[in-house]
Amino acid sequence: MSDLHWKTGICKIKPNEVRLRGYRVDELMGQISFGQVVYLALKGDLPSENIGKMIDAVLVSSIDHGATPPSALTAMTIASTGAPLNAAIAGGILAINKLHGGAIEDCMGALLQVDDKIRARQISIPVAVNELVTEYKEVGRRISGFGHRIHTEDPRTIKLFQLADSLKIGSHFIAIAKEIETELAAQRGKRLPINVDGAIAAVLCELELSPALANAFFMIARLPGLVAHVHEEQTRQRPMRAIHPENHEYDGPADRSL
Amino acid sequence: MSDLHWKTGICKIKPNEVRLRGYRVDELMGQISFGQVVYLALKGDLPSENIGKMIDAVLVSSIDHGATPPSALTAMTIASTGAPLNAAIAGGILAINKLHGGAIEDCMGALLQVDDKIRARQISIPVAVNELVTEYKEVGRRISGFGHRIHTEDPRTIKLFQLADSLKIGSHFIAIAKEIETELAAQRGKRLPINVDGAIAAVLCELELSPALANAFFMIARLPGLVAHVHEEQTRQRPMRAIHPENHEYDGPADRSL
Amino acid sequence: MSDLHWKTGICKIKPNEVRLRGYRVDELMGQISFGQVVYLALKGDLPSENIGKMIDAVLVSSIDHGATPPSALTAMTIASTGAPLNAAIAGGILAINKLHGGAIEDCMGALLQVDDKIRARQISIPVAVNELVTEYKEVGRRISGFGHRIHTEDPRTIKLFQLADSLKIGSHFIAIAKEIETELAAQRGKRLPINVDGAIAAVLCELELSPALANAFFMIARLPGLVAHVHEEQTRQRPMRAIHPENHEYDGPADRSL
Amino acid sequence: MSDLHWKTGICKIKPNEVRLRGYRVDELMGQISFGQVVYLALKGDLPSENIGKMIDAVLVSSIDHGATPPSALTAMTIASTGAPLNAAIAGGILAINKLHGGAIEDCMGALLQVDDKIRARQISIPVAVNELVTEYKEVGRRISGFGHRIHTEDPRTIKLFQLADSLKIGSHFIAIAKEIETELAAQRGKRLPINVDGAIAAVLCELELSPALANAFFMIARLPGLVAHVHEEQTRQRPMRAIHPENHEYDGPADRSL
C-alpha cells in the first residue's frame, strides 16, 4: 500500500488544545469577531479589527434577499418534504452557482483584469476600464456585478463603499468598479449601477482575497438566511405545499430602525 | 388552479430597500455584528450587543476541528474529484448529523428536560438532574454533550462558560450542565467532561433558542472551516488522491498568541 | 495510529477483473437485466429472471411523475442557476424524504407489522389487518401508500399486481395491502385506493427486501426522470426563471401506444 | 405578477393516467426494459429492444467499482454520521465530476471531434485521429477514456464492444476509439488501452446521445452500487469510524459464474 501521509496547514489538534492557523481557538473566542476568524481561516493570518468589521458588513449585506432567490426556494422545497435541516441547507447551497451568487467571483475577475492592465502598462483607471469594457462588448460578454432586476441604487452598495472608506480598507478597486459603471453608461447609454455583488467583489479585491473564495463569502453570509426560510417552512407552512416562486407577501415585523 | 398565495415574515424587498425582520439591511451593516444578525434572522428580534458577542464566540468556538471530522473529509473527497466549491461544501454539510454536530440539539433536549422537571415540580437542580441521569441510564441512553475522544478538559467549554458569565448571558442551564457532569461521574465512577457541544447547548438554552436550530449554529460556524479545507485540497493536493482519514500532520503557522 | 483495516462484501477488484458479489461484471453484461443486477448489488445474490422483470417494472413505474413533485422542482431550480447536472440531481435526491417517496418504506413497515401479527398468533389476514387499522386510527396515524391526490385508481398499481401474479412473485403482501384498502374503506367510509407507493411496498415485501432499502428503489427509478427534467431546463428554459410549481402544460409527443 | 405559464415535453399526468413521452407508463411496465425507458425518458422516443439491451449492459458495466472511488467513500463517510440514505447518496453523486465519471463526456467530445473532421473533409479515420491526437499533444491535453490505474485490458470494454457488434448498435465510433488507442501507442510509445469510460463514450456516440447526458448514465449506473456501500456501512460498520480509503479487503461471496 502506498504511503498516504499528508500535510495540512489549517488546524492543530492536541488533547485540550485546538489551534487555528497557530492561534488557540479558546483565546480567539470573545476577543475577535466572526468576520476576523473567517479571514483567519481562509487567508491564514489574523486581520485588523477594521478588516473584521468590513467582513462582518459584507456578511450582513448578503444574509438574505427574501424568498424568491433559487437558493431559498430550493431549501424550502426540500424542507417541505420532511427533510432534516442540513439536507435543505445543502440543497440551497447547491443553487449558489454562476447565475446566483457567482457574480462576485466573475466581477472580481473583471476588476483584477483592469488592475493587471494598469500595473503592466502604467495606464490610468479610465483608460484601462475603457479597454476592458470595449473588449467585453466585442465578444458579447456581460460584466458581472452591474445592474439588478429590482434595485436601481442598491443601498447595500452605498454602505459597503462608505464602510470601506471609513474603515480605511482601500479605494483602488472601488474606483475601478465606479469607473466601469460610468463607462458602461457611456458605451451603452443605459445605467447599470454596481449591485451588491459588484460592491462585495471590489471589497474582496481590496482585501486581497482570491476570486476562488468569492462564492464562500456568499455562502457563509446566506446560510443563516437559508436557515430562517427552512425553519419558517417547517414551523409555519403545510408540508408538501406547492411553493409559488413569487406570489407571497411579507407579514413580519413592521419597518423599524436601530 | 389553486390559489398559491403565501406569507413570510423574514424579509421585505422593495426597489432600493432590503429589510430583514423590519430593519434595513444597509442600516444594520457596520452597526451590528454577524452574531447579532444571525440571531435577528433566526429569532426575529435584534439581540443585545452582549448576546451578539456570545453568539460570535459560539461560532468562533466551532469554526474548525481539523481534518479528521467526517464533514471535512467529505468536503475534501468531493473537492478532489474536480467539484466546484459549493458542491464540496454541500457534501460537508450533509455529513453534519446526529453523530457529528448533532450532539448540541440532543444535549439541549436533555437540559430542557431537566428544566421542565424543575419548573413543574419546584425541585432543585441536583434532584432533577439525578432523576434525568437515572432515567437515561435505565433505558441505556447516553446524554449527548459529555465526554470527548480527544479532550479531557475542553478549553472551549471553559471559555464559553466564562463568557456567558462576564457577558451576563445566564447561568441556569450552565449549572444544569455542570450538575449533569457531576452526577455522571458519581453514577458511572468515570468523568465525562462537558464538551464544546454540551457547552454550546447550555448557552443556546440560555438564549432561549429552539433545539431545532441547534444544528444551524454548528453549520454556520463550521462553514468557513470547511471552505478552508476545500481550498487547501484544491490548491495544495493532487487531484483524486486517496485521503487518509488520520495520517496527516500539521505544517501551518507555529503556535502564536494574540 | 490505530489499525484501520476493514472488510467489505460488495466488490472484488483485481487487475482486469471486476467482480460484484462474486460474479464477473463483464459476464453479467448482456446476460442479466439492470433489475437483476440491482437486486444482486443490494441483496447479494442473483435473482431469477422473473424477479429481474418485476424489479424492472417497479423501476419503470416510478421513472417520472411530471414536473410538480418537489424532487423535480428542486432539480430544475438548481439547474436554472447554472449548476452542473450532478448538483441538480443531488438536490433532487435530497427532496426524496418521508413525504415524497418515503411512503414505500412506511407502507412496508405496516405490511410487515400485519405479517408479524399473522405469524405470531396464526390469525387470518382480515383479523390482523382489522387490528392494525384500528391501532393506527387510535393513535391518529395514517397508513402510508393509500390514497393519491390525483389518481383514484392508479393504473401502475393494477399493472404491478398483475405482473406480480403472472411472474409468480407472490401474493401474500399484496393480499394484505388489498385488505387494508378494504378495511380503510369500511372504517372510514371513504375509499383510499392503494397507490403506486403502496403497490411497490407490497412487491418489495414479497421480494424480502429490507424497508431500509425502499427509498433506494424510488431513487434509482426516479433518477432518469430527474435527468430528463434537468436537461429540459438546461436546453429549453431561460436561466434563472421563476419556476411555477403547477402552471405548466404538456407539449410533448401525442398519446401513443407500443 | 408576470405570467409564469411554461411548457414541458416529458410527462403528461391526468387522473388515472401517467404518460411518459406519450406512452402510458402502465403499458410500458413489463413490456420494456429499464434500459429502454431510460432512453425514452432522455431522448424522447422508444428505442429498439437491442438498444435497450445495450443500455442495460452500459448500466451493468458501471454499477460498482469497489470501495475506493471517491463517490463510494463520500457516501460511506456521510452514512457513518447517522445520515439518512438519500443524504449519503446525494453526497456520493456530488463526487461524480470531471475526474470521476466525467471521462465519458470528455471522451465523447474527442470522438465527436474526430467524426466532425471526417464528415467535414471526407478524410479517413486514421488521418482524422492522427490530427486529433497531434492537436491534443501540442496543447498538452490528455484524451479522456484511455488508460486505467488498475486495468491494462478492461474486460468491460471488450464486452461492450462485443455487444455493440452482436446487437448491431454500430461500429463507427468504436473504430475511432480503437484508432485513438493505436495512435496514442504510436505517438507515445506506451499503450493506453480504452477503459470502460472510453468504451461507454463510444457506445453513447453510436446511440446519438448528447455528451451533456454522459454523466447521467454514470450516475444512473452507479446509484445502486452507492446504495450497497451505504447499506453495508449502516448495517455492518461502527458509526463515526475513520474510513481508510484503501486498506480494506473483500470478504463477500467467493468467485462464481452464471
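As written, the chains take the letters A, B, C and D, and residue 1 is the first residue of each chain.
Simple rule for what comes next: contacts are C-beta pairs under 8 Å (C-beta built on N, C-alpha and C of every residue); 3 or more make two chains touch, one makes a residue touch a chain.
Since the structure is predicted, the reported quantities are computational estimates derived from the model, not experimental observations.
Asker: Write down the chain pair with more C-beta contact pairs when C-D is set against B-D.
Answerer: Of C-D and B-D, it is C-D that has more C-beta pairs in contact.
Asker: When the C-alpha atoms of chain C and chain D are each averaged to a single point, how far apart are the two points in Å?
Answerer: Those two chain centres are 23 Å apart.
Asker: Between chain A and chain D, what's the gap in Å when you average each chain's C-alpha atoms?
Answerer: Those two chain centres are 36 Å apart.
Asker: So, what's the distance in Å between the C-alpha centres of chain D and chain B?
Answerer: 40
Asker: Where in chain B do residues touch two or more other chains at once?
Answerer: Residue numbers touching two or more other chains: 2, 4, 68, 84, 86-87, 90-91, 94, 96-97, 242-247.
Asker: Considering only which chains touch which, label the overall pattern as line, ring, star, complete or other.
Answerer: complete
Asker: Going by the contact rule at the top, pick out the chain C residues touching chain B in the complex.
Answerer: On the chain C side, the touching residues are 1-2, 4, 84, 86-87, 90, 94, 245-247.
Asker: Please name which positions on chain B make contact with chain A in the complex.
Answerer: 2, 4-35, 37-38, 41-42, 44-46, 53, 56-57, 59-61, 63-68, 84-87, 89-91, 93-94, 96-97, 150-156, 158-160, 162-163, 166, 210, 212-213, 215-216, 219-220, 223-225, 227-229, 231-232, 234-235, 237, 241-244, 247-258
Asker: For chain C, which residues are in contact with chain A within the complex?
Answerer: Those in contact with chain A are residues 68, 70-71, 73-74, 77-78, 80-83, 87-88, 90-91, 94-100, 102, 239-240, 242-246.
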